[in-house]
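Chain nomenclature is as follows: A, B, C and D, assigned in order of appearance, with residue numbering initiated at 1 for each chain independently.
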Amino acid sequence: MRDRYGKLTVVSQTQVAKDSYELVLEGSTVGQMKEPGQFLHVRVDETEDLLLRRPISIANVDLAKQQVTMIYRAGGAGTKRLATYETGKSLNVMGPLGQGFPVDEANAGDVALLVGGGIGVPPLYYLAKQLVAKGVTVKSVLGFASKQDIFYEEAFRELGDVYVTTVDGSHGMKGFVTNAIDDKQLVSDVLYSCGPTPMLKVLTERYRGKRAFISLEERMGCGIGACFACVCAVEKGEAYEYRKICTDGPVFPVGEVVL
Amino acid sequence: MRDRYGKLTVVSQTQVAKDSYELVLEGSTVGQMKEPGQFLHVRVDETEDLLLRRPISIANVDLAKQQVTMIYRAGGAGTKRLATYETGKSLNVMGPLGQGFPVDEANAGDVALLVGGGIGVPPLYYLAKQLVAKGVTVKSVLGFASKQDIFYEEAFRELGDVYVTTVDGSHGMKGFVTNAIDDKQLVSDVLYSCGPTPMLKVLTERYRGKRAFISLEERMGCGIGACFACVCAVEKGEAYEYRKICTDGPVFPVGEVVL
Amino acid sequence: MDRLRVDLPGLKMKNPVMPASGCFGFGKEYAQFFNLNELGAIAIKATTPEPRFGNPTPRVAETKAGMLNAIGLQNPGLAGVIEKELPRFNDYDVPILANIAGSTMTDYIEVAARLSTEKNVHALELNISCPNVKQGGIAFGTVPETAAELTREVKAVSQVPVYVKLSPNVSDIVAMAKAVEHAGADGLSMINTLLGMRIDVKTRQPILANTYGGLSGPAIKPVALRMIHQVSQQVDIPIIGMGGIQSAQDVIEFLLAGASCVAVGTANFVDPYTCPTIIDELPQWLDELEMNTVTEIIGGSWKRCKTHSLSH
Amino acid sequence: MDRLRVDLPGLKMKNPVMPASGCFGFGKEYAQFFNLNELGAIAIKATTPEPRFGNPTPRVAETKAGMLNAIGLQNPGLAGVIEKELPRFNDYDVPILANIAGSTMTDYIEVAARLSTEKNVHALELNISCPNVKQGGIAFGTVPETAAELTREVKAVSQVPVYVKLSPNVSDIVAMAKAVEHAGADGLSMINTLLGMRIDVKTRQPILANTYGGLSGPAIKPVALRMIHQVSQQVDIPIIGMGGIQSAQDVIEFLLAGASCVAVGTANFVDPYTCPTIIDELPQWLDELEMNTVTEIIGGSWKRCKTHSLSH
């Protein structure tokens, strides 16, 4: 893990939607960031004011430039602090951590459906790039609350069909991602998803037993499996069986763990 | 007090000695900073990491430019934080606070002896300027630990005779300020002093009953007289009699309070 | 601004925010910054029968997100407070909560009897929990029976409602709260400071001359919230909540935990405008929470259904 | 590096720094970052007789300069620890302090009897103070007589020295410490977490699924120092000090307060290299303090004269 811990330098910080920022960082640990769906555990504050690290997904990587992109919503105290980091500042980052989306599960020629909700959209971008690179057809369904929350629509469109939904109908289709899947009758060989738990629950019911993978969120302490903050129960396991989202996840096959 | 509270902007931050910095700030509250020996209560951290304000003396003021200078030693966590403030940043400052050195007590033609020890030297500079402006002859005795700790020697020299002492003899006379006073047989009509308590104790014994004024230090909470953190006892007063260093001081006539 | 109003025994508050005892002197210092009438109430510094000098200095030390204090109840004494401090409030229209302390039960009774007859005193706050006073204080604060007895004695002589300020340095805060409620307390103030210390690694000695001091500020907020949450579900008297409050959002958290109003201590030192700023921001918070009045929020983290008025 | 050595019952430590129980799992995660042999000792996660799932999530929340946790003693159970976790330490030369917990006295005795016979267990740490376990734990932790009885029973079956981990959520920490010392404890660990809570103002509900959780991190350091300062002057057994330690300077403060060695908890999450960094920096601190060995510092804030070895 020594090669997954260190300082990264801020290359750019760009607001990409209301309260949402794209942060590009550069440094040697980026060399390890090959798997989409993994996350970084970010120290947002060098003092003890905000003590805990924040888990943020890898949204994109440029291995040649040793640059990684995160997209995050500045909602609470820590992400708001993160939004103040300017070009040139250095940021203490642990990662890549966890098990990402299994790119292997999609074969060249397969259709992969990527379903993202809000701030669950970012990790799907790096995934889409890798899938397209190996000849998988990517269709993306991206759900946001409102027009002002949308980011990366064009970026995804360069990689395949994109269906955007907004809860208030201010852009794209009005409704939820599942409405778009139904409406457009989107069929696929494999599903990858990240987003709010209610969305993942619906997808779990629909895709149970299929090739389908979801990425979960939970509040974390250590981020590396030592503190047991982030566990979830195993579906149909013994009462004490569990998975750690930080090390066994955040991506799990649909149906493996209890949502 | 509304006119003594607000944001000041950093004009410059300059290292003037080992661990010592000169910080120039600009803003409208500087208009109130007319009395030498008063202090500013500085919020060194906008977060809650370092909660308490730091009291720092006014070292110089340019009323025309609305600029105030502080000189401080970056010793602990807060002053080290302060040393990271760069030009253009704004700093939350309360002040001027407290009762400064009584310039009135020296008349044109008088000789005023200014005795400063270490980080007690800064407030004497603004005092020296005001005294010289009204025709008082200023002699300054400035004591430091070592050569590398000395600052503002030349600045004082422009205002009158200067005698520097260092404990290790690396510059000026070896020894303490009192050694210089004895050696040079410095006589004066009025004494003003600021520095470590042992030094002030010796001066108190020597100048008791004379026109002599000393500036005290104590850990503070509120800085405005509300919390009773900074009290000292009154010499020969009732057991419960006290003075607050933040509002009744920091400057007191020699012999008024117990050191 | 009736949305912010909170009516508590003796304290008809325009809004739920008061400065905490010991952190606001007797008001005159902060009156230089803003009009004290903006406040919901004012808790003034502890009064003891005789003038007290308090502890030797240093009396404060900084800790992460907090501070320690060991002032030692310095105050001008009962006569001094009545003659010099209380008359200042003649010009204001803001309820005063007079904090009282002492070394013996007789001390408390003496101060309570006299101070509660003052027209500028609307309620008493029994400081049974000051961790910085060597004798007295601490014992009252950690033994339910003694606290109850003190409450009963003070209630017997007081002309105004009595709030008991609880110490957090106890194994069972609910037992303490119930004991003083049973003894007739009209309300509770919680929490006082946690007992702590710092050591100067250079001198190798405690930073505070008193060795130990009371920990206050954001560091103790989670402990305060927990205790208020526990106690408010078990008593029928209102709670003045405090411990690390810095912002309007903190106030909401305390009200949700079960406090009926709040006191702001340490934050005044960081920003003298903390109280008025919070008061200004509260209506906006009510809007965001889709609440009409402050009283609807009280206990919202544990109440089943919204209550429309404060029953106690 | 003999300057850093500390010899405590069962724990021959190369240096006075160990990770705290529950904050380091069973070591394997941090072994990815540095060689565990660098540590003075390792306190492993609490073991209960049966595997436990623990509390529902969210299990952690952030507070100013601190965090709350309500893990709920999740662990693989006695058999799991013995079969899967302990053998990993075969490859290391570092003493293991095995934290044990349970809901009943029988639980503790069962785990103590069995775990203390394992070659990779050098001492036991009785967690009588976990604030997150609804039944059991807390009662042991706040009543001196019960804590003493538990200590006695565990001592009777344990093959290795027994440290009792005290809860800070008590009125009289000295009484607790003396009770367990009298009952035969070989050492004390202090402090465990303070019971606290946070409320999410948007959902109006407690952030932790368990409502309350244990407060750890820099916020609690002053409380830990105070308790260690009080207790170390009153007992003759060594104290493993913990609560908010982040740096070598913090370690010095704890040793001066009276701890014989320290444990680092929450700081591991902030910086996984906290322990080795502190260990690296300690010799420099000894130089600055003009001290030869770590043991000279112990209790330095209250001892009259320098002691050259640890008498207890």
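Remarks
Keep this in mind: a residue touches a chain if its C-beta (ideal position, glycine included) is under 8 Å from a C-beta of that chain, and two chains touch if they have at least 3 such contacts.
Listed by chain with UniProt protein names: A, B = Dihydroorotate dehydrogenase B (NAD(+)), electron transfer subunit; C, D = Dihydroorotate dehydrogenase.
Computed from a prediction, not measured in an experiment: that's the story for all the values here.
Counting only chains that touch, the fewest steps needed to get from chain A to chain B is 1. The most distant chain from chain D (Dihydroorotate dehydrogenase) is B, comparing centres defined as mean Cα coordinates.
Taking the mean of the C-alpha atoms as each chain's centre, chain C (Dihydroorotate dehydrogenase) and chain D (Dihydroorotate dehydrogenase) sit 34 Å apart.
For this pair, chain B with chain D (Dihydroorotate dehydrogenase), the centres built from the Cα atoms lie 46 Å apart. Measuring from the averaged C-alpha position of chain B to that of chain C (Dihydroorotate dehydrogenase) gives a distance of 36 Å. Annotation for chain A: residues touching 2 or more other chains are 48-50.
The set of chain C (Dihydroorotate dehydrogenase) residues touching two or more other chains comprises 63-66, 218. A complete topology is adopted by the chain contact network, contact being made between every pair of chains. Those residues of chain C (Dihydroorotate dehydrogenase) that touch chain B in the shared complex are 22-25, 29-30, 32-33, 45, 50-54, 57-67, 69, 71, 74, 76-77, 217-218, 246, 266, 268-273. If you check the complex, the residues on chain C (Dihydroorotate dehydrogenase) that touch chain D (Dihydroorotate dehydrogenase) are 63-66, 68, 142, 169-172, 194-199, 201, 204-206, 211-212, 215, 218-223, 225-226, 229, 244, 249, 252-253, 256-257, 285, 289, 300-301.
Of all the residues in chain A, the ones that touch chain D (Dihydroorotate dehydrogenase) in their complex are 1-2, 5, 43, 48-53, 77-78, 92, 94, 218-233, 238-242, 247. Within the complex, the chain A residues that touch chain C (Dihydroorotate dehydrogenase) are 48-49. Taken together, the chain B residues at the contact with chain A in this complex read 45, 47-50.
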